[in-house]
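Dumping the structure here so I can ask a few things about it.
The letters A, B, C and D name the chains in turn, as written, and every chain counts its residues from 1.
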Amino acid sequence: MIDKTVTDAAAAVAGIVDGSTVMIGGFGRAGQPVELIDALIAQGAGDLTIVANNAGNGDTGLAALLAERRVRRIICSFPRQHDSWVFDGLYRAGEIDLEIVPQGNLAERIRAAGAGIGAFFSPTGVGTPLAEGKEERTIGGRRYLLEYPITADVALISALAADRWGNLVYRETARNFGPVMASAAATTIVQVDEIVPLGSIDPETVVTPGLFVDRVVAVGRRPWLDADGFIGGVDIEGRPLADAADIVQTEDAR
Amino acid sequence: MIDKTVTDAAAAVAGIVDGSTVMIGGFGRAGQPVELIDALIAQGAGDLTIVANNAGNGDTGLAALLAERRVRRIICSFPRQHDSWVFDGLYRAGEIDLEIVPQGNLAERIRAAGAGIGAFFSPTGVGTPLAEGKEERTIGGRRYLLEYPITADVALISALAADRWGNLVYRETARNFGPVMASAAATTIVQVDEIVPLGSIDPETVVTPGLFVDRVVAVGRRPWLDADGFIGGVDIEGRPLADAADIVQTEDAR
Amino acid sequence: MTTRISRAELAARIAADIPEGAVVNLGIGAPTLVADFLPAGLEIILHTENGLLGMGPSPKADRIDPDLINAGKQPVTALPGAAYFHHADSFAMMRGGHLDICVLGAFQVAQNGDLANWSTGAAGAIPAVGGAMDLAIGAKQVFVMTDLLAKDGSSKLVPACTYPLTGVGCVTRAYTDHAVFDVVDGRFRVHDAFGDNTVDSLRALTGLELS
Amino acid sequence: MTTRISRAELAARIAADIPEGAVVNLGIGAPTLVADFLPAGLEIILHTENGLLGMGPSPKADRIDPDLINAGKQPVTALPGAAYFHHADSFAMMRGGHLDICVLGAFQVAQNGDLANWSTGAAGAIPAVGGAMDLAIGAKQVFVMTDLLAKDGSSKLVPACTYPLTGVGCVTRAYTDHAVFDVVDGRFRVHDAFGDNTVDSLRALTGLELS
């Protein structure tokens, strides 16, 4: 019997070694594999290269991993946020390397790694400072830059549900980088709200087929799916809301 | 109101001009847009370049279009089948051009067209006769060939259901080339079993988002979805079955 | 006194130019205001690059869903007809030319259509590009929404960008608080000027050759 | 008389080498027979490149579904845990190295692992490659299933292929009706020989250096 489920987040991240390249899913806070990141912090691996869209928020999650000086280098599209002070401090102190990648190139380079593409000519970034050192070619009258795959030793991602084969479904925009990262890492580790019985995910709706997934761990239902649960959300600057009343009401504006 | 539905297959294929490149979805008979092909035959456009996985079966569908000498060139992975006599005859008579593309390169080149990729280095075909004339490069110790996108003026595809925005869901392995072709053609025309109300397709399960789709036409429920309907299927050689008794019984073999 | 329309008026002006059926990305920041002025009753499909087509307005406070956000990480909703997809598919839509319009902010727009909106190039600034470079080259039409003049009074529409570029020759139209400019054959052309602005007064303000 | 095992015995031999949990593509034609001999009770996930993981056996006649076929266009079924996907995703799985094993037929296999199985190069033949070249380079292990000798008695395992190649250096193991051969350091090594076949007798039959 194939059973990719593990009992807890610590077991899920076991064996990650110093010097690994680790992809971390999520866009802002949506789809962040919070429990897995916490487990990685506890697990102890260091000298890491992180591939993620952002470079951490506040003092938790990826930011906490950075604060522990466990990350040597980060590859991302948008490190600078109002609450990325941990990264900002390390960067200004010259204590972390940064590779800035346009978000579309980041996603496509990760996909390319999963799809066996050796390199591809991308239309993004031509004529900009991020083109520096890249091979440029004009194809069909349009200028492109040659971009290489981004692979990883490990991907840590979050999904809504998995079966024991590792088939995944996601929720809303928390899907974001999960499917491509799952395809690009040697070992893909997934936290889900729940493990469902094999056969209970409609094969038409599987987003990440199980062959991309190595370990899944159930971390419990996300609180906002319960009635009277957590009110999440962020304000217009991306700051987490203290309470629901902080949100601007615009539903009737259109 | 956005409404991409048209009343019949003739309206769906209106305006296709001589000399067009037309992608046709389907793998064997699964996912073939039969009614749209018939409408294209009736519509009259000629001197066409066809992009498809196969080169027609029997005397209907794509084979009938070929038989009418309406196709100048075909780009496909597997033209030769037991019932591809129409193509075979034209090819041997030198009356049709053929570009053979490995199936994975075909799919990825079509995707690249839809995704704005200028070209990509593919691991497939290296060292084979199909590498002839292609740029080769070694990246990370592995050999690759440079492959270019395949675009089209029109894509004709088949899906299970659409809403009026053109969001599509497919059925089983009839999905095959539909999603990538929809993304790669200037005008994407889709036949579906039925048009469903906007909002009735779960946004988590949309396979082709409507922005890739230009026209949808309902052609009625595929017969085998009705109780006591058509028994489809093919034998081990891919020949359509005359009746259900022709199929080898192996369900209990494992 | 030169007429300057408000940020809200500018958003409304842009919204009025978006036709029914358009697939539109409103970037982050000020351009997202355009959503509030899209004509009621017209179906315009909003794309957000973090994986949603058919984005709706902000939710009421008690309906906020942390899994459903836009590219600016603000809570949003999904309309009937929406679709979710992953990041590579989302940027494939953009880079493959399937968006009709995107609206972006700008530090500078050059008369050849070059856009600078991601970095001032200031020493010590932390670079962050997000999806700006993909949006700039991906949409069929790239609208810029910006004040015409920077805080120091200099024109943000320029003969050539001095800030680091986001994209080359990509801007089709610049909506400013003074006037709307089209990029045509390597020059700005005044599409319409607000209030008492004229081609001559805009020429004086910007120092640009204008037609 | 040299021992030759039957096609079914060969399929069973291959099936016995596939471990639980493996993701396997059985190509088209003879290799699809392997499915019938996979050990009962072990979970092995079959991939078919036309868009299905978790492929099951042929359906009963009254359950044939024209939308559910394999790469050979035969009717199949889907097991609990199956997933459908489009062609680009399907070949990305293959080309990205996510399949553990594929089993392919062969015209020739060279001792350096080169495979020829798509064209005899005969004048006037209509070329057709399908997914063979992608499978050959994609799976972690490429098993070939073939008779050792062609109808004319020549060996299909050869020092160097004379037929047009499908893939370079891709075959890891050749299962033949006489013996199983591993490709090791540019030479065939006899993994196990059936019946009265020996390394010496196989050497005599094939003319190959064997170890």
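The rule is simple: a residue touches a chain if its C-beta (ideal position, glycine included) is under 8 Å from a C-beta of that chain, and two chains touch if they have at least 3 such contacts.
Bear in mind the structure is a predicted one, so any value in this text is a computation, not a measurement.
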Practice task
Would you mind naming the chains that touch chain A and likewise touch chain C?
Solution key: B
Handout entry: Chain separated most widely from chain C, comparing mean CA positions
Key = D
Problem - Distance from the mean Cα position of chain B to that of chain A, given in whole angstrom - result: 34
Fill in the blank from the handout: Whole-Å distance, C-alpha centre of chain B to that of chain C, is 37
Exercise for the section: List the centre-to-centre spacing of chain C and chain D in whole Å, with centres computed as mean CA coordinates. Expected result: 54
Exercise for the section: Give me the residues of chain A that touch two or more other chains. Expected result: 108, 111, 115-117, 122-123, 170-172, 204
Handout entry: Shared interface positions of chain D, touching two or more other chains
Key = 52, 78, 84-85, 91-92, 94-95, 138
Handout entry: Pairs of chains found to touch, sorted by chain label
Key = A-B, A-C, A-D, B-C, B-D
Problem - chain C - residues contacting chain A, complex - result: 35-36, 38, 40, 48-52, 57-62, 64-70, 72-75, 77-78, 84-88, 90-92, 94-95, 114, 119, 124, 126-134, 137-138, 164-168
Problem - chain B partner contacts - residues on chain C that touch it in the complex - result: 20-21, 23, 43, 45, 47, 52-54, 78, 80-85, 91-99, 138
Problem - Residue numbers on chain B that touch chain C, as the complex places them - result: 1-2, 111, 113-117, 163, 165, 167, 183, 198-199, 203-204, 206, 209-212
Problem - Residue ranges of chain A in contact with chain B within the complex - result: 108, 112, 115-123, 137, 139-140, 142, 144, 148, 169-172, 202, 204-205
Practice task
Write out the stretch or stretches of chain A touching chain C in their complex.
Solution key: 27-31, 53, 77-81, 87-88, 91-92, 98, 100-108, 110-111, 122-130, 143, 170-180, 207, 222, 224, 230-236, 238, 241, 244-254
